[in-house]
Amino acid sequence: MKIAPAKVINVCSYRVIYGDTDQMGIVYYANYLRWFEKGRSEFLRQIGLPYSIIEQQGFSFPVVEVNCRYAQSAHYDDVVRIETELPELGRASIHFRYRILREADGCLLATGTTKHACLDRNGRLKRMPKFLQDALARAGN
Amino acid sequence: MKIAPAKVINVCSYRVIYGDTDQMGIVYYANYLRWFEKGRSEFLRQIGLPYSIIEQQGFSFPVVEVNCRYAQSAHYDDVVRIETELPELGRASIHFRYRILREADGCLLATGTTKHACLDRNGRLKRMPKFLQDALARAGN
Amino acid sequence: MKIAPAKVINVCSYRVIYGDTDQMGIVYYANYLRWFEKGRSEFLRQIGLPYSIIEQQGFSFPVVEVNCRYAQSAHYDDVVRIETELPELGRASIHFRYRILREADGCLLATGTTKHACLDRNGRLKRMPKFLQDALARAGN
Amino acid sequence: MKIAPAKVINVCSYRVIYGDTDQMGIVYYANYLRWFEKGRSEFLRQIGLPYSIIEQQGFSFPVVEVNCRYAQSAHYDDVVRIETELPELGRASIHFRYRILREADGCLLATGTTKHACLDRNGRLKRMPKFLQDALARAGN
(Lines give C-alpha, C1' and ligand atoms only; values in the text may rest on other atoms or scores of the structure.)
Protein backbone atom coordinates (compact mmCIF):
# COMPACT_ATOMS: atom_id res chain seq x y z
CA MET A 1 0.00 0.00 0.00
CA LYS A 2 3.08 2.25 0.36
CA ILE A 3 4.13 4.18 -2.68
CA ALA A 4 7.64 5.20 -3.65
CA PRO A 5 9.17 8.35 -2.15
CA ALA A 6 7.70 11.50 -3.63
CA LYS A 7 9.60 13.27 -6.36
CA VAL A 8 7.64 16.47 -6.01
CA ILE A 9 9.27 19.04 -3.77
CA ASN A 10 7.35 22.20 -3.05
CA VAL A 11 9.38 25.30 -2.37
CA CYS A 12 7.77 28.40 -0.91
CA SER A 13 9.02 31.27 1.20
CA TYR A 14 8.00 33.50 4.08
CA ARG A 15 9.45 36.67 5.58
CA VAL A 16 9.72 36.68 9.38
CA ILE A 17 7.73 39.41 11.16
CA TYR A 18 8.21 40.82 14.65
CA GLY A 19 5.21 38.82 15.82
CA ASP A 20 7.06 35.58 15.03
CA THR A 21 10.01 36.39 17.29
CA ASP A 22 10.38 36.15 21.06
CA GLN A 23 12.54 38.00 23.55
CA MET A 24 15.52 35.74 22.81
CA GLY A 25 15.58 37.68 19.52
CA ILE A 26 14.80 34.60 17.43
CA VAL A 27 11.68 33.00 15.98
CA TYR A 28 9.60 31.28 18.68
CA TYR A 29 9.84 27.52 18.28
CA ALA A 30 6.11 26.90 17.82
CA ASN A 31 6.03 29.14 14.74
CA TYR A 32 8.02 26.64 12.69
CA LEU A 33 4.89 24.47 12.80
CA ARG A 34 3.00 27.27 11.05
CA TRP A 35 5.64 27.14 8.30
CA PHE A 36 5.25 23.37 8.04
CA GLU A 37 1.52 23.92 7.54
CA LYS A 38 2.18 26.51 4.84
CA GLY A 39 4.57 24.07 3.18
CA ARG A 40 2.16 21.14 3.01
CA SER A 41 -0.66 23.43 1.93
CA GLU A 42 1.44 24.70 -0.99
CA PHE A 43 2.55 21.13 -1.75
CA LEU A 44 -1.06 20.02 -2.16
CA ARG A 45 -1.85 23.06 -4.30
CA GLN A 46 1.15 22.24 -6.50
CA ILE A 47 -0.13 18.73 -7.27
CA GLY A 48 -3.50 20.26 -8.16
CA LEU A 49 -5.36 19.31 -5.00
CA PRO A 50 -5.66 22.27 -2.60
CA TYR A 51 -6.57 21.27 0.94
CA SER A 52 -9.83 23.22 0.63
CA ILE A 53 -10.86 20.77 -2.13
CA ILE A 54 -9.92 17.82 0.07
CA GLU A 55 -12.19 19.25 2.79
CA GLN A 56 -15.02 19.77 0.30
CA GLN A 57 -14.73 16.09 -0.62
CA GLY A 58 -15.37 15.29 3.03
CA PHE A 59 -11.88 14.43 4.18
CA SER A 60 -9.56 16.00 6.73
CA PHE A 61 -5.93 15.27 7.61
CA PRO A 62 -5.42 16.24 11.26
CA VAL A 63 -1.85 16.08 12.55
CA VAL A 64 -1.22 13.07 14.78
CA GLU A 65 2.49 13.62 15.29
CA VAL A 66 5.03 16.33 14.70
CA ASN A 67 8.79 16.43 15.10
CA CYS A 68 11.08 19.39 14.63
CA ARG A 69 14.86 19.72 15.03
CA TYR A 70 16.23 23.25 15.26
CA ALA A 71 19.73 23.70 13.87
CA GLN A 72 20.12 27.47 13.54
CA SER A 73 17.85 30.35 14.53
CA ALA A 74 15.64 32.34 12.19
CA HIS A 75 15.63 36.09 12.87
CA TYR A 76 13.39 39.07 12.22
CA ASP A 77 13.18 39.99 8.53
CA ASP A 78 14.85 36.77 7.39
CA VAL A 79 13.23 35.23 4.35
CA VAL A 80 12.95 31.52 5.04
CA ARG A 81 12.57 28.91 2.33
CA ILE A 82 10.22 26.05 3.14
CA GLU A 83 10.82 22.80 1.26
CA THR A 84 8.14 20.14 1.54
CA GLU A 85 8.08 16.54 0.39
CA LEU A 86 5.59 13.72 0.79
CA PRO A 87 7.80 10.73 1.49
CA GLU A 88 5.04 8.28 2.36
CA LEU A 89 1.36 7.77 1.70
CA GLY A 90 -0.03 5.03 3.91
CA ARG A 91 -3.37 3.25 3.84
CA ALA A 92 -5.00 5.80 6.14
CA SER A 93 -2.17 8.17 6.88
CA ILE A 94 0.09 10.65 5.14
CA HIS A 95 3.56 11.86 6.03
CA PHE A 96 5.24 15.14 5.14
CA ARG A 97 8.89 16.08 5.51
CA TYR A 98 10.13 19.66 5.74
CA ARG A 99 13.36 21.63 5.54
CA ILE A 100 13.53 25.28 6.59
CA LEU A 101 16.44 27.25 5.13
CA ARG A 102 17.58 30.85 5.29
CA GLU A 103 17.04 32.20 1.78
CA ALA A 104 20.00 34.60 1.89
CA ASP A 105 22.70 31.95 2.28
CA GLY A 106 20.96 28.59 2.10
CA CYS A 107 21.80 27.83 5.74
CA LEU A 108 19.67 24.97 7.10
CA LEU A 109 17.62 26.21 10.05
CA ALA A 110 15.36 23.26 10.85
CA THR A 111 14.05 19.94 9.65
CA GLY A 112 10.80 18.29 10.59
CA THR A 113 8.11 15.76 9.86
CA THR A 114 4.38 15.54 10.37
CA LYS A 115 2.13 12.51 10.27
CA HIS A 116 -1.58 12.93 9.53
CA ALA A 117 -4.57 10.66 9.84
CA CYS A 118 -7.19 10.56 7.11
CA LEU A 119 -10.66 11.18 8.57
CA ASP A 120 -14.13 11.43 7.09
CA ARG A 121 -16.79 14.00 8.01
CA ASN A 122 -17.69 12.00 11.10
CA GLY A 123 -14.13 11.90 12.36
CA ARG A 124 -13.71 8.22 11.50
CA LEU A 125 -10.45 6.88 10.12
CA LYS A 126 -10.76 6.35 6.36
CA ARG A 127 -8.63 4.86 3.61
CA MET A 128 -6.68 7.63 1.86
CA PRO A 129 -8.90 8.83 -1.04
CA LYS A 130 -7.97 7.63 -4.53
CA PHE A 131 -8.07 11.20 -5.91
CA LEU A 132 -5.04 12.06 -3.76
CA GLN A 133 -3.09 9.08 -5.10
CA ASP A 134 -4.13 10.04 -8.62
CA ALA A 135 -3.04 13.64 -8.11
CA LEU A 136 0.33 12.49 -6.81
CA ALA A 137 0.73 10.09 -9.74
CA ARG A 138 -0.15 12.81 -12.25
CA ALA A 139 2.40 15.08 -10.59
CA GLY A 140 5.09 12.51 -11.37
CA ASN A 141 5.39 10.50 -8.19
CA MET B 1 -33.02 49.83 23.78
CA LYS B 2 -29.81 50.66 25.63
CA ILE B 3 -29.49 49.45 29.17
CA ALA B 4 -27.62 51.10 32.01
CA PRO B 5 -23.85 50.59 32.34
CA ALA B 6 -22.94 47.14 33.63
CA LYS B 7 -22.10 46.76 37.28
CA VAL B 8 -20.47 43.38 36.82
CA ILE B 9 -16.71 43.50 36.43
CA ASN B 10 -14.95 40.27 35.67
CA VAL B 11 -11.40 39.94 36.91
CA CYS B 12 -9.15 37.17 35.65
CA SER B 13 -5.41 36.77 35.26
CA TYR B 14 -2.81 35.34 32.92
CA ARG B 15 0.93 34.74 33.20
CA VAL B 16 2.97 35.89 30.19
CA ILE B 17 4.94 33.15 28.41
CA TYR B 18 7.94 33.48 26.11
CA GLY B 19 5.68 32.85 23.14
CA ASP B 20 3.78 36.06 23.92
CA THR B 21 6.87 38.26 23.73
CA ASP B 22 8.75 39.63 20.73
CA GLN B 23 12.36 40.64 20.23
CA MET B 24 11.73 44.06 21.76
CA GLY B 25 11.51 42.06 25.01
CA ILE B 26 7.85 42.92 25.57
CA VAL B 27 4.51 41.31 24.80
CA TYR B 28 3.64 41.57 21.08
CA TYR B 29 0.81 44.04 20.59
CA ALA B 30 -1.60 41.60 18.95
CA ASN B 31 -1.55 39.34 22.01
CA TYR B 32 -3.48 41.87 24.08
CA LEU B 33 -6.47 41.01 21.89
CA ARG B 34 -6.18 37.40 23.08
CA TRP B 35 -6.42 38.71 26.64
CA PHE B 36 -9.49 40.78 25.73
CA GLU B 37 -11.06 37.58 24.40
CA LYS B 38 -10.23 35.74 27.61
CA GLY B 39 -11.75 38.62 29.58
CA ARG B 40 -15.10 38.67 27.78
CA SER B 41 -15.26 34.88 27.82
CA GLU B 42 -14.82 34.89 31.61
CA PHE B 43 -17.29 37.78 31.91
CA LEU B 44 -19.98 35.74 30.15
CA ARG B 45 -19.20 32.69 32.29
CA GLN B 46 -19.51 34.85 35.42
CA ILE B 47 -23.04 35.96 34.52
CA GLY B 48 -23.96 32.32 33.96
CA LEU B 49 -23.92 32.37 30.18
CA PRO B 50 -20.69 30.86 28.78
CA TYR B 51 -20.07 31.72 25.13
CA SER B 52 -20.32 28.01 24.25
CA ILE B 53 -23.97 28.13 25.38
CA ILE B 54 -24.58 31.25 23.30
CA GLU B 55 -23.23 29.37 20.27
CA GLN B 56 -25.40 26.34 21.04
CA GLN B 57 -28.40 28.68 21.02
CA GLY B 58 -27.48 29.64 17.47
CA PHE B 59 -25.89 33.02 18.07
CA SER B 60 -22.40 34.34 17.52
CA PHE B 61 -20.80 37.66 18.43
CA PRO B 62 -18.02 38.34 15.92
CA VAL B 63 -15.83 41.36 16.61
CA VAL B 64 -16.60 44.30 14.32
CA GLU B 65 -14.25 46.79 15.91
CA VAL B 66 -11.36 46.76 18.35
CA ASN B 67 -9.37 49.54 19.93
CA CYS B 68 -6.37 49.21 22.22
CA ARG B 69 -4.16 51.84 23.86
CA TYR B 70 -0.85 50.64 25.23
CA ALA B 71 0.40 52.55 28.27
CA GLN B 72 3.19 50.36 29.66
CA SER B 73 4.72 47.12 28.43
CA ALA B 74 3.97 43.67 29.75
CA HIS B 75 7.04 41.45 30.13
CA TYR B 76 7.86 37.76 30.30
CA ASP B 77 6.58 36.08 33.47
CA ASP B 78 4.42 39.07 34.45
CA VAL B 79 1.02 38.10 35.77
CA VAL B 80 -1.47 40.43 34.11
CA ARG B 81 -4.91 41.16 35.52
CA ILE B 82 -7.69 41.45 32.94
CA GLU B 83 -10.73 43.51 34.00
CA THR B 84 -13.77 43.31 31.75
CA GLU B 85 -16.99 45.27 31.77
CA LEU B 86 -19.99 45.33 29.47
CA PRO B 87 -20.81 49.04 29.24
CA GLU B 88 -23.42 48.80 26.52
CA LEU B 89 -25.84 46.28 25.10
CA GLY B 90 -27.37 47.56 21.88
CA ARG B 91 -30.26 46.24 19.83
CA ALA B 92 -28.02 44.02 17.74
CA SER B 93 -24.60 44.75 19.16
CA ILE B 94 -22.62 44.37 22.35
CA HIS B 95 -19.67 46.37 23.67
CA PHE B 96 -16.96 45.27 26.07
CA ARG B 97 -14.38 47.41 27.84
CA TYR B 98 -11.07 46.11 29.15
CA ARG B 99 -8.25 47.14 31.41
CA ILE B 100 -4.97 45.21 31.56
CA LEU B 101 -2.92 45.71 34.72
CA ARG B 102 0.31 44.30 36.06
CA GLU B 103 -0.71 42.17 39.03
CA ALA B 104 2.45 42.84 41.04
CA ASP B 105 1.99 46.59 41.42
CA GLY B 106 -1.36 47.40 39.84
CA CYS B 107 0.30 49.41 37.06
CA LEU B 108 -2.09 50.03 34.15
CA LEU B 109 -0.66 48.46 30.99
CA ALA B 110 -3.45 48.90 28.45
CA THR B 111 -7.09 49.77 27.95
CA GLY B 112 -9.32 48.69 25.13
CA THR B 113 -12.80 48.14 23.76
CA THR B 114 -14.44 45.69 21.41
CA LYS B 115 -17.73 45.97 19.59
CA HIS B 116 -19.52 42.84 18.45
CA ALA B 117 -22.41 42.16 16.10
CA CYS B 118 -25.09 39.65 17.02
CA LEU B 119 -25.50 37.08 14.24
CA ASP B 120 -27.68 34.02 13.78
CA ARG B 121 -26.57 30.66 12.33
CA ASN B 122 -26.90 32.05 8.81
CA GLY B 123 -24.69 35.03 9.55
CA ARG B 124 -27.58 37.48 9.54
CA LEU B 125 -27.74 40.36 11.98
CA LYS B 126 -30.16 39.52 14.80
CA ARG B 127 -31.62 41.34 17.77
CA MET B 128 -29.59 40.57 20.90
CA PRO B 129 -31.21 37.47 22.48
CA LYS B 130 -33.40 38.03 25.54
CA PHE B 131 -31.54 35.33 27.52
CA LEU B 132 -28.44 37.53 27.48
CA GLN B 133 -30.36 40.50 28.84
CA ASP B 134 -31.91 38.26 31.46
CA ALA B 135 -28.54 36.87 32.49
CA LEU B 136 -27.16 40.39 32.83
CA ALA B 137 -30.18 41.49 34.86
CA ARG B 138 -29.89 38.46 37.16
CA ALA B 139 -26.22 39.31 37.65
CA GLY B 140 -27.24 42.68 39.01
CA ASN B 141 -26.95 44.98 36.03
CA MET C 1 5.97 69.73 12.30
CA LYS C 2 3.33 67.65 10.47
CA ILE C 3 4.06 66.76 6.88
CA ALA C 4 1.57 66.34 4.06
CA PRO C 5 -0.28 63.03 3.64
CA ALA C 6 1.96 60.29 2.28
CA LYS C 7 1.82 59.50 -1.40
CA VAL C 8 3.57 56.18 -1.04
CA ILE C 9 1.25 53.22 -0.69
CA ASN C 10 2.82 49.86 -0.04
CA VAL C 11 0.95 46.85 -1.34
CA CYS C 12 1.85 43.36 -0.20
CA SER C 13 -0.05 40.10 0.13
CA TYR C 14 -0.40 37.09 2.39
CA ARG C 15 -2.16 33.74 2.03
CA VAL C 16 -4.25 32.69 5.05
CA ILE C 17 -3.19 29.43 6.72
CA TYR C 18 -5.20 27.16 8.98
CA GLY C 19 -3.32 28.51 11.97
CA ASP C 20 -4.78 31.97 11.32
CA THR C 21 -8.39 30.79 11.52
CA ASP C 22 -10.58 30.01 14.52
CA GLN C 23 -13.51 27.69 15.00
CA MET C 24 -15.92 30.28 13.58
CA GLY C 25 -14.22 29.34 10.28
CA ILE C 26 -12.76 32.83 9.81
CA VAL C 27 -9.45 34.53 10.58
CA TYR C 28 -9.10 35.27 14.30
CA TYR C 29 -9.38 39.00 14.91
CA ALA C 30 -5.95 39.45 16.52
CA ASN C 31 -4.21 38.15 13.38
CA TYR C 32 -5.14 41.27 11.42
CA LEU C 33 -2.62 43.08 13.61
CA ARG C 34 0.07 40.75 12.33
CA TRP C 35 -0.88 41.83 8.80
CA PHE C 36 -0.69 45.49 9.83
CA GLU C 37 2.84 44.83 11.08
CA LYS C 38 3.76 43.14 7.80
CA GLY C 39 2.30 46.12 5.95
CA ARG C 40 4.29 48.79 7.81
CA SER C 41 7.44 46.67 7.65
CA GLU C 42 7.12 46.44 3.86
CA PHE C 43 6.27 50.16 3.68
CA LEU C 44 9.53 51.05 5.42
CA ARG C 45 11.48 48.68 3.18
CA GLN C 46 9.89 50.31 0.13
CA ILE C 47 11.11 53.78 1.11
CA GLY C 48 14.58 52.33 1.59
CA LEU C 49 14.58 52.21 5.38
CA PRO C 50 13.90 48.69 6.67
CA TYR C 51 12.90 48.57 10.32
CA SER C 52 16.01 46.54 11.11
CA ILE C 53 18.08 49.58 10.02
CA ILE C 54 15.96 51.88 12.21
CA GLU C 55 16.71 49.58 15.15
CA GLN C 56 20.42 49.55 14.36
CA GLN C 57 20.33 53.35 14.47
CA GLY C 58 19.07 53.07 18.03
CA PHE C 59 15.40 53.84 17.52
CA SER C 60 12.27 51.80 18.05
CA PHE C 61 8.64 52.52 17.20
CA PRO C 62 6.48 50.61 19.69
CA VAL C 63 2.73 50.66 19.06
CA VAL C 64 0.87 52.98 21.44
CA GLU C 65 -2.56 52.60 19.88
CA VAL C 66 -4.28 50.34 17.39
CA ASN C 67 -7.74 50.45 15.86
CA CYS C 68 -9.29 47.89 13.53
CA ARG C 69 -12.74 47.74 11.92
CA TYR C 70 -13.76 44.40 10.49
CA ALA C 71 -16.08 44.63 7.48
CA GLN C 72 -16.00 41.14 5.98
CA SER C 73 -14.29 37.95 7.10
CA ALA C 74 -11.09 36.52 5.68
CA HIS C 75 -11.13 32.75 5.19
CA TYR C 76 -8.66 29.90 4.93
CA ASP C 77 -6.59 30.02 1.73
CA ASP C 78 -7.73 33.57 0.86
CA VAL C 79 -4.96 35.76 -0.43
CA VAL C 80 -5.32 39.09 1.31
CA ARG C 81 -3.87 42.33 -0.02
CA ILE C 82 -2.41 44.65 2.59
CA GLU C 83 -2.29 48.35 1.66
CA THR C 84 -0.27 50.60 3.95
CA GLU C 85 0.06 54.37 4.04
CA LEU C 86 1.85 56.76 6.36
CA PRO C 87 -0.64 59.62 6.70
CA GLU C 88 1.14 61.48 9.45
CA LEU C 89 4.61 61.90 10.85
CA GLY C 90 4.54 63.80 14.11
CA ARG C 91 7.35 65.27 16.19
CA ALA C 92 7.84 62.08 18.17
CA SER C 93 5.18 59.79 16.73
CA ILE C 94 4.26 58.08 13.50
CA HIS C 95 0.88 56.93 12.20
CA PHE C 96 0.12 54.19 9.73
CA ARG C 97 -3.16 53.44 7.98
CA TYR C 98 -4.08 50.03 6.58
CA ARG C 99 -6.64 48.45 4.30
CA ILE C 100 -7.04 44.67 4.05
CA LEU C 101 -8.70 43.43 0.87
CA ARG C 102 -9.50 40.01 -0.54
CA GLU C 103 -7.24 39.66 -3.56
CA ALA C 104 -9.69 37.57 -5.59
CA ASP C 105 -12.43 40.18 -5.84
CA GLY C 106 -11.06 43.32 -4.19
CA CYS C 107 -13.62 43.09 -1.39
CA LEU C 108 -12.64 45.31 1.56
CA LEU C 109 -12.22 43.13 4.65
CA ALA C 110 -10.87 45.56 7.24
CA THR C 111 -9.39 48.98 7.83
CA GLY C 112 -7.14 50.06 10.64
CA THR C 113 -4.63 52.46 12.05
CA THR C 114 -1.65 52.25 14.37
CA LYS C 115 0.11 55.02 16.22
CA HIS C 116 3.72 54.56 17.32
CA ALA C 117 6.01 56.41 19.67
CA CYS C 118 9.62 57.09 18.74
CA LEU C 119 11.96 55.82 21.45
CA ASP C 120 15.73 55.73 21.84
CA ARG C 121 17.78 52.82 23.18
CA ASN C 122 16.91 53.79 26.74
CA GLY C 123 13.19 53.80 26.07
CA ARG C 124 12.96 57.60 26.19
CA LEU C 125 10.69 59.51 23.82
CA LYS C 126 12.75 61.04 21.01
CA ARG C 127 12.14 63.39 18.13
CA MET C 128 11.50 61.38 14.94
CA PRO C 129 14.93 60.88 13.29
CA LYS C 130 15.74 63.04 10.28
CA PHE C 131 16.78 60.00 8.21
CA LEU C 132 13.16 58.82 8.26
CA GLN C 133 11.90 62.18 7.00
CA ASP C 134 14.58 62.17 4.35
CA ALA C 135 13.69 58.66 3.23
CA LEU C 136 10.04 59.67 2.97
CA ALA C 137 10.94 62.78 1.02
CA ARG C 138 13.15 60.82 -1.37
CA ALA C 139 10.27 58.39 -1.87
CA GLY C 140 8.14 61.27 -3.12
CA ASN C 141 6.17 62.31 -0.07
CA MET D 1 26.84 12.75 34.14
CA LYS D 2 23.18 11.71 33.84
CA ILE D 3 21.05 11.96 36.95
CA ALA D 4 18.17 9.72 37.93
CA PRO D 5 14.69 10.41 36.52
CA ALA D 6 13.04 13.44 38.10
CA LYS D 7 10.55 12.88 40.85
CA VAL D 8 9.11 16.37 40.62
CA ILE D 9 6.03 16.66 38.41
CA ASN D 10 4.66 20.09 37.83
CA VAL D 11 0.93 20.33 37.21
CA CYS D 12 -0.63 23.51 35.86
CA SER D 13 -3.70 24.27 33.81
CA TYR D 14 -4.93 26.49 31.00
CA ARG D 15 -8.37 27.26 29.58
CA VAL D 16 -8.60 27.16 25.77
CA ILE D 17 -9.64 30.43 24.10
CA TYR D 18 -11.10 30.98 20.64
CA GLY D 19 -7.74 32.23 19.47
CA ASP D 20 -6.22 28.79 20.14
CA THR D 21 -8.67 26.96 17.85
CA ASP D 22 -8.74 26.64 14.08
CA GLN D 23 -11.56 26.08 11.62
CA MET D 24 -11.49 22.32 12.25
CA GLY D 25 -13.05 23.33 15.59
CA ILE D 26 -10.06 22.08 17.60
CA VAL D 27 -6.90 23.58 19.05
CA TYR D 28 -4.32 24.31 16.34
CA TYR D 29 -1.43 21.87 16.61
CA ALA D 30 1.30 24.49 17.12
CA ASN D 31 -0.41 25.80 20.25
CA TYR D 32 0.45 22.65 22.21
CA LEU D 33 4.05 23.87 22.09
CA ARG D 34 2.95 27.00 23.92
CA TRP D 35 1.53 24.73 26.64
CA PHE D 36 4.79 22.79 26.81
CA GLU D 37 6.58 26.11 27.37
CA LYS D 38 4.14 27.03 30.13
CA GLY D 39 4.71 23.62 31.69
CA ARG D 40 8.49 23.82 31.81
CA SER D 41 8.34 27.43 32.99
CA GLU D 42 6.13 26.38 35.91
CA PHE D 43 8.34 23.36 36.57
CA LEU D 44 11.40 25.59 36.98
CA ARG D 45 9.45 27.97 39.22
CA GLN D 46 8.36 25.02 41.36
CA ILE D 47 11.96 23.93 42.02
CA GLY D 48 12.77 27.51 43.01
CA LEU D 49 14.57 28.53 39.85
CA PRO D 50 12.34 30.60 37.55
CA TYR D 51 13.61 30.85 33.99
CA SER D 52 13.99 34.62 34.40
CA ILE D 53 16.63 33.91 37.09
CA ILE D 54 18.40 31.46 34.80
CA GLU D 55 18.55 34.19 32.16
CA GLN D 56 19.87 36.71 34.69
CA GLN D 57 22.65 34.25 35.49
CA GLY D 58 23.66 34.41 31.85
CA PHE D 59 22.23 31.12 30.61
CA SER D 60 19.55 30.27 28.08
CA PHE D 61 17.97 26.96 27.14
CA PRO D 62 16.82 27.22 23.52
CA VAL D 63 14.80 24.29 22.18
CA VAL D 64 16.81 22.07 19.85
CA GLU D 65 14.15 19.41 19.32
CA VAL D 66 10.46 18.97 19.95
CA ASN D 67 8.16 16.01 19.50
CA CYS D 68 4.41 15.91 20.03
CA ARG D 69 1.88 13.11 19.59
CA TYR D 70 -1.75 14.12 19.42
CA ALA D 71 -4.17 11.53 20.79
CA GLN D 72 -7.43 13.45 21.22
CA SER D 73 -8.42 17.01 20.35
CA ALA D 74 -8.67 19.90 22.77
CA HIS D 75 -11.69 22.15 22.20
CA TYR D 76 -12.75 25.70 22.96
CA ASP D 77 -13.30 26.33 26.67
CA ASP D 78 -11.69 23.04 27.71
CA VAL D 79 -9.45 23.32 30.72
CA VAL D 80 -6.31 21.37 29.93
CA ARG D 81 -3.95 20.03 32.57
CA ILE D 82 -0.26 20.26 31.73
CA GLU D 83 2.02 17.77 33.48
CA THR D 84 5.75 18.37 33.17
CA GLU D 85 8.71 16.24 34.20
CA LEU D 86 12.46 16.60 33.76
CA PRO D 87 13.53 13.06 32.94
CA GLU D 88 17.11 13.84 32.02
CA LEU D 89 19.73 16.45 32.70
CA GLY D 90 22.72 16.00 30.43
CA ARG D 91 26.14 17.62 30.49
CA ALA D 92 25.04 20.52 28.31
CA SER D 93 21.43 19.67 27.62
CA ILE D 94 18.12 19.29 29.40
CA HIS D 95 15.07 17.24 28.50
CA PHE D 96 11.46 17.82 29.47
CA ARG D 97 8.52 15.48 29.08
CA TYR D 98 4.89 16.63 28.93
CA ARG D 99 1.40 15.18 29.14
CA ILE D 100 -1.65 17.25 28.19
CA LEU D 101 -4.94 16.03 29.68
CA ARG D 102 -8.51 17.27 29.58
CA GLU D 103 -9.23 18.40 33.14
CA ALA D 104 -12.92 17.44 33.05
CA ASP D 105 -12.43 13.70 32.56
CA GLY D 106 -8.66 13.12 32.66
CA CYS D 107 -8.61 12.10 29.00
CA LEU D 108 -5.06 12.14 27.59
CA LEU D 109 -4.89 14.61 24.71
CA ALA D 110 -1.19 14.70 23.86
CA THR D 111 2.29 13.73 24.96
CA GLY D 112 5.53 15.39 24.03
CA THR D 113 9.16 16.03 24.72
CA THR D 114 11.56 18.92 24.26
CA LYS D 115 15.33 18.91 24.29
CA HIS D 116 17.22 22.11 25.10
CA ALA D 117 20.83 23.18 24.75
CA CYS D 118 22.52 25.14 27.51
CA LEU D 119 24.05 28.33 26.12
CA ASP D 120 25.94 31.22 27.66
CA ARG D 121 25.45 34.92 26.85
CA ASN D 122 27.54 34.55 23.71
CA GLY D 123 25.49 31.68 22.40
CA ARG D 124 28.19 29.11 23.14
CA LEU D 125 27.34 25.65 24.44
CA LYS D 126 28.01 25.45 28.19
CA ARG D 127 27.99 22.79 30.86
CA MET D 128 24.64 22.81 32.67
CA PRO D 129 25.03 25.23 35.63
CA LYS D 130 25.48 23.68 39.06
CA PHE D 131 22.71 25.85 40.54
CA LEU D 132 20.18 24.00 38.38
CA GLN D 133 21.43 20.62 39.63
CA ASP D 134 21.33 21.91 43.18
CA ALA D 135 17.79 23.22 42.78
CA LEU D 136 16.69 19.85 41.41
CA ALA D 137 18.40 18.03 44.26
CA ARG D 138 16.80 20.31 46.85
CA ALA D 139 13.44 19.65 45.23
CA GLY D 140 13.87 15.95 45.93
CA ASN D 141 15.27 14.59 42.69
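In order of appearance the chains are A, B, C and D, and numbering begins at 1 in each one.
In the analysis below, a residue touches a chain if its C-beta (ideal position, glycine included) is under 8 Å from a C-beta of that chain, and two chains touch if they have at least 3 such contacts.
Everything numeric here is computed off the predicted structure, so don't read it as measured data.
Asks: Centre-to-centre on C-alpha atoms, which chain is most distant from subunit C?
Replies: In terms of C-alpha centroids, the chain at the greatest distance from subunit C is D.
Asks: Can you check which chain pair, A-B or B-C, has more C-beta pairs in contact?
Replies: If we tally the C-beta pairs in contact for A-B and B-C, the bigger total goes to B-C.
Asks: Rounded to the nearest whole Å, what is the centre-to-centre distance of subunit A and subunit C, using the mean of the C-alpha atoms as each centre?
Replies: Going by mean C-alpha positions, subunit A sits 29 Å from subunit C.
Asks: Just the number, please: Cα centre separation of subunit A and subunit B in whole Å.
Replies: 35
Asks: Where the CA atoms of subunit B average out and where those of subunit C average out, how many Å apart are those spots?
Replies: 25
Asks: Do you know which subunit B residues sit against two or more other chains?
Replies: Only 18-19, 24, 26, 30, 33-34, 37, 76 qualify.
Asks: Which residues of subunit C touch subunit D in their complex?
Replies: Residues 18-19, 21-26, 28, 30, 76 of subunit C touch subunit D in their complex.
Asks: Can you check the complex and tell me which residues of subunit B touch subunit C?
Replies: Result: residues 24, 26, 29-31, 33-34, 37, 60, 62-70, 73 of subunit B touch subunit C.
Asks: Taking the complex as given, what residues does subunit A use to touch subunit C?
Replies: These residues of subunit A touch subunit C: 15, 17-19, 33-34, 37-38, 41, 50-52, 76-77.
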